[in-house]
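Labels for the chains are A, B, C and D, by order of writing; each one numbers its residues from 1.
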Amino acid sequence: TSTVKQSPHLGQAMTASDIKKVDISIGPDGVGLPVGSGNAKTGLKVYEAQCLSCHGAKGQGKPVDALVGGIGSLSSDKPVRTVGSFWPHASTLFDYTRRAMPLQSPKSLTNNEVYAVSAYILFLNGIISEDYELNQGNLAQVKMPNRDGMIDFSKEKSVVYK
Amino acid sequence: SFLALATTPVMALADESVKNDFPAWSTTLGKGLNEYGQPSKFEAGTKRGIAKAYGDLAPGTGSARTPIEKLEGIITPSGLHFDRSHNGTPEIDPSKHQLSIYGLVDKPLNFSVENLLRYPMISRTYFVECAGNSAANIIAPQPIQATAGTLHGLISCSDWTGIPLSVLLKEAGVNPAGKWIVAEGADAAGMSRSFPMEKAMDNAMIALYQNGERVRPEQGYPMRLLLPGWEGNMNVKWLRSLKVTAGPTHTKDETSKYTDPLPNGKARQFTFELGVKSIITKPSGMMKLPSKGLYEISGIAWSGAGKVARVELSTNGGKDWFDAELDGPSQAFCLVRFRAPWTWNGEPAFLQSRAIDEHGNVQPTRAAYKANNAVDGRYHNNTIVTWAVLADGSVQNAYL
Amino acid sequence: SFLALATTPVMALADESVKNDFPAWSTTLGKGLNEYGQPSKFEAGTKRGIAKAYGDLAPGTGSARTPIEKLEGIITPSGLHFDRSHNGTPEIDPSKHQLSIYGLVDKPLNFSVENLLRYPMISRTYFVECAGNSAANIIAPQPIQATAGTLHGLISCSDWTGIPLSVLLKEAGVNPAGKWIVAEGADAAGMSRSFPMEKAMDNAMIALYQNGERVRPEQGYPMRLLLPGWEGNMNVKWLRSLKVTAGPTHTKDETSKYTDPLPNGKARQFTFELGVKSIITKPSGMMKLPSKGLYEISGIAWSGAGKVARVELSTNGGKDWFDAELDGPSQAFCLVRFRAPWTWNGEPAFLQSRAIDEHGNVQPTRAAYKANNAVDGRYHNNTIVTWAVLADGSVQNAYL
Amino acid sequence: TSTVKQSPHLGQAMTASDIKKVDISIGPDGVGLPVGSGNAKTGLKVYEAQCLSCHGAKGQGKPVDALVGGIGSLSSDKPVRTVGSFWPHASTLFDYTRRAMPLQSPKSLTNNEVYAVSAYILFLNGIISEDYELNQGNLAQVKMPNRDGMIDFSKEKSVVYK
């Protein structure tokens, strides 16, 4: 169904600084992470101010999604899927929190606040220690419990049942 | 005076006018011409069904479902196109919006909306289906009694017009290392999804028009990504950027959600293509057949793999199958309407439809889905739907 | 308290958020989910152009024209479907409306709307064009400078669903003497038109749905007649009755209007089929090309005789012609979108399109129409339209 | 493009009186005309009360269509098309006036009023005399000037230009 079309070439060149402003996505390898750092202790303060009202004390959930728990539950008959139990890459936590949270004021957290609250959520899940200083250099190295839990299905054309 | 004359009967004879035989709307001025029409007030019940995922805490998080049981044909009126949003609909000023293409390209480029409107375009009739459509029918242990739209209304179909994404990518010049793209929306959720370069070059579209007019706000105004046949969430609305990358970005919505967990604890990630599927919309849940007699079974079928080849129907819960008529051309990644006459004899019946696509893919049973997915698996539910017709004519959602 | 904490900076370090790089709609909640969507407020200029034939004396007499130059693809959004009405839009309560079939039939029958909705249906994408479309371009001695929609916007196209009229006629049982039908509307004008039985049995439809949802008020809610390919006025809206007759009734709108006068004083009556026709919508009247360079010429073509086979384009006023690409399947009695790339070199140009249908009918020139019709002839103007591009890029309506 | 469809046979039989209420169309042969009559003299009164404000004194038009004039003009280079000059059948005048006029109160005229105002318009056009009593029996016999001016094109498939 491809269609050959000519282009009128109306795209305007982007400068490096244009790109810097637009680009907020972070790869699983950490590429795109900004300068900054934070640990669970400062993250607790961010969390209580900005997140607790929706995600509950210590990320237990209610009224919205729990951010903690379920590690080891995935092959059980009551799987609990959270950042801690299910997300393969810590980069996703930083990326998503920065772009989308808190819900009523997305993109308002500073980079250090995002590092800190991410550290707090990883700490609550027992993945890093309370004083671990999460930063640009080490975030992608955090070993998430479900790092190897995903099967890449991007080459398959359709889901087929036997 | 004119007025006095007009109200005095002119004729002596007591003859009659035909006025009393007609309703008021035939004997009084109709409404004046207007610039933008709306449905009849008598059709106010034909509306999207709203399901806020977290109640009023997040008024723009959840879905507004297409009332498929009230619609006919294959085009979804734009006002009723389903909307699945993660933090509401942004009200974007097109003169302050642009599309940026950067990452592994030779020339990173910004495109204003005004400039994009000057590009050569293509028009295609494509469905969009949320990967979470019909999830309740897989998750709920007992069938929920609701309309077809409530249960399966995250499916819509429009005549889309836009620019082949390949044209813009070629203008930017993709590096050989650029194998994926992450698309981002300008909404408050900053919706972002990764997709392979192959799809981008094959048939991805930057849609600017929906059913003739510019894309509606809830569908991504001023522009959205369309990846024909692939799960709705990837068709990023309010598209603001495309970053060419070596691999997938593992965004929240391709990690936490829209992955397909298996019974063994693993999960399939990057399941993109939607399965072949069909829904009988008439008769369907919450309807009641008023009497025995002839009815038309009618519904919609589609496939993420291309064209629907055939739709089979059963009225006895899958014991016997017969072919429905496909009404109009079957187009790739597009709804097709199917129809068949059915005489209801007044006894209980189990209506099912089973679509088969041009590649031979067949709709699976609910049991097959359950056996192959984790207990909480819910995405890509394309299993056969059963509507039970009871002896009193009422139509119920059923699991068979 | 929570509020106090939320407004106090928690971090000592003066680092940054990304907020300032984003527009407000990316950093604040979007609008909540809604039940029936509307276009963006930034597209408020995409509206029907109202032409009241007698000013405010008759607020519902005249036309609301489709802004074809702002639209893409082939589906007209229902809110922008053209409306030609003779005494406004009635607001019909469907529970108090019925369709009566009587005259030369065995069993005169009334059909409630509720019952008609139970009938087997067909879906077809059909254009509707007013026989008076493009009349100004024939009548006005000098070309009027206006948009394509103002000049040629009495054309629209929808996905219609309804009942083949033949099914209802067979149920009533047409007498052998019944060769014509007069259809009447429930509007204040009591619009009525005659058409031959052959058309009724061939492909006439009682349309109940338009682009998925029920037919809009301005298009005939709760139902309208569709005579595919035949002049718009015959597609009686707000249909209330069909009387089977031996011959035509000679109603006002097939006598006073919608007849085609010849130079010799005679007039052709019962000219039903619309000619093959096309309009370039981009670029078109009142637009301005901002600079030299590549443009896409795009437009719509149709034929009352069936499918469009080909659309030819000229950029030098008809000296040379080349084929446009037809975008999507060409369907009978349906718009087809045509496209072709064109590089504007900055010099004056005359853009023309010429459609040819499957029967070999070709769009005539304006001169041919004028030579064959009375001086005040205006209906069925399917002549080739010329848009002149001036050296400054402005696009004007021209006669060639 | 015909499609074979079965019918659920949900049509309800119409009685003769049902049909009488629905049926207001009148054929060129006068079939459908109701009992009643009227002449141009009474018609003048109806016209002045109900029509003049829009169609002008003596049907001269302004602000809306003239109802008079143009007889003999059709093959000239300034054809004027009115009820008088262009309409082949008087039945059309009765049918249309009854169903659609006056614009703001259609179907309100009694049958006698319709006969009378029709007679007045025909009289203004010089087609009948001022005291001619138009009725169910003679209306279709009125010889309209353009009775033979129409070419039946209903069998032609398309308008073709040489």
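As a convention for this text, a residue touches a chain if its C-beta (ideal position, glycine included) is under 8 Å from a C-beta of that chain, and two chains touch if they have at least 3 such contacts.
Just so it is clear, the structure is predicted and the values come from calculations on it, not from any experiment.
Between chain A and chain C, the least number of touch steps comes to 1.
Mean C-alpha position of chain B lies 25 Å from that of chain C.
Mean C-alpha positions place chain A and chain B at a centre distance of 29 Å. Look at where the CA atoms of chain B average out and do the same for chain D: the two points lie 50 Å apart. Residues of chain B in contact with two or more other chains: 22, 26-29, 87, 118-120, 122, 124, 188, 190, 240, 294-295, 341.
Residue numbers of chain A whose C-beta contacts span two or more other chains: 5-9, 22, 24, 99, 103, 106-107. If the chains shown are joined wherever they touch, the resulting network has some other arrangement, not a path, ring, star or complete graph. Each chain pair that touches appears in this list: A-B, A-C, B-C, B-D, C-D.
Taken in their complex, chain C has these residues touching chain D: 54-55, 57-58, 61, 86-87, 100-102, 107-112, 115-116, 118-120, 122, 124, 163-164, 166-168, 170-172, 182, 184, 188-190, 192, 196, 201-203, 228, 240-241, 243, 245, 247-252, 255-256, 259-273, 275, 304-305, 332, 359, 361, 364, 368-369, 371-372, 374-376, 380. Listed in rising order, the residues of chain C touching chain A in the complex are 2, 5-6, 8, 10-11, 13, 15-19, 21-22, 26-29, 293-295, 341.
Interface residues of chain A facing chain C in the complex, by the touch rule stated above, are 5-9, 21-22, 24, 36, 38, 42, 45-46, 48-50, 53, 98-99, 103-113, 116. By the touch criterion stated above, chain D contacts chain C in their complex at residues 1-3, 5-14, 18-19, 22-28, 54, 63-64, 74-79, 81, 83, 86-89, 91-92, 95-96, 99-100, 103, 106-107, 149-154, 156-162.
Across the complex, chain B is touched by residues 22-23, 25-43, 46-48, 50, 52, 59-60, 62-64, 70-81, 83, 85, 87-94, 96-97, 118-125, 158-161, 186-188, 190, 208-209, 211-214, 216-219, 221-222, 238, 240, 294-296, 298, 327-329, 331, 337, 339, 341 of chain C.
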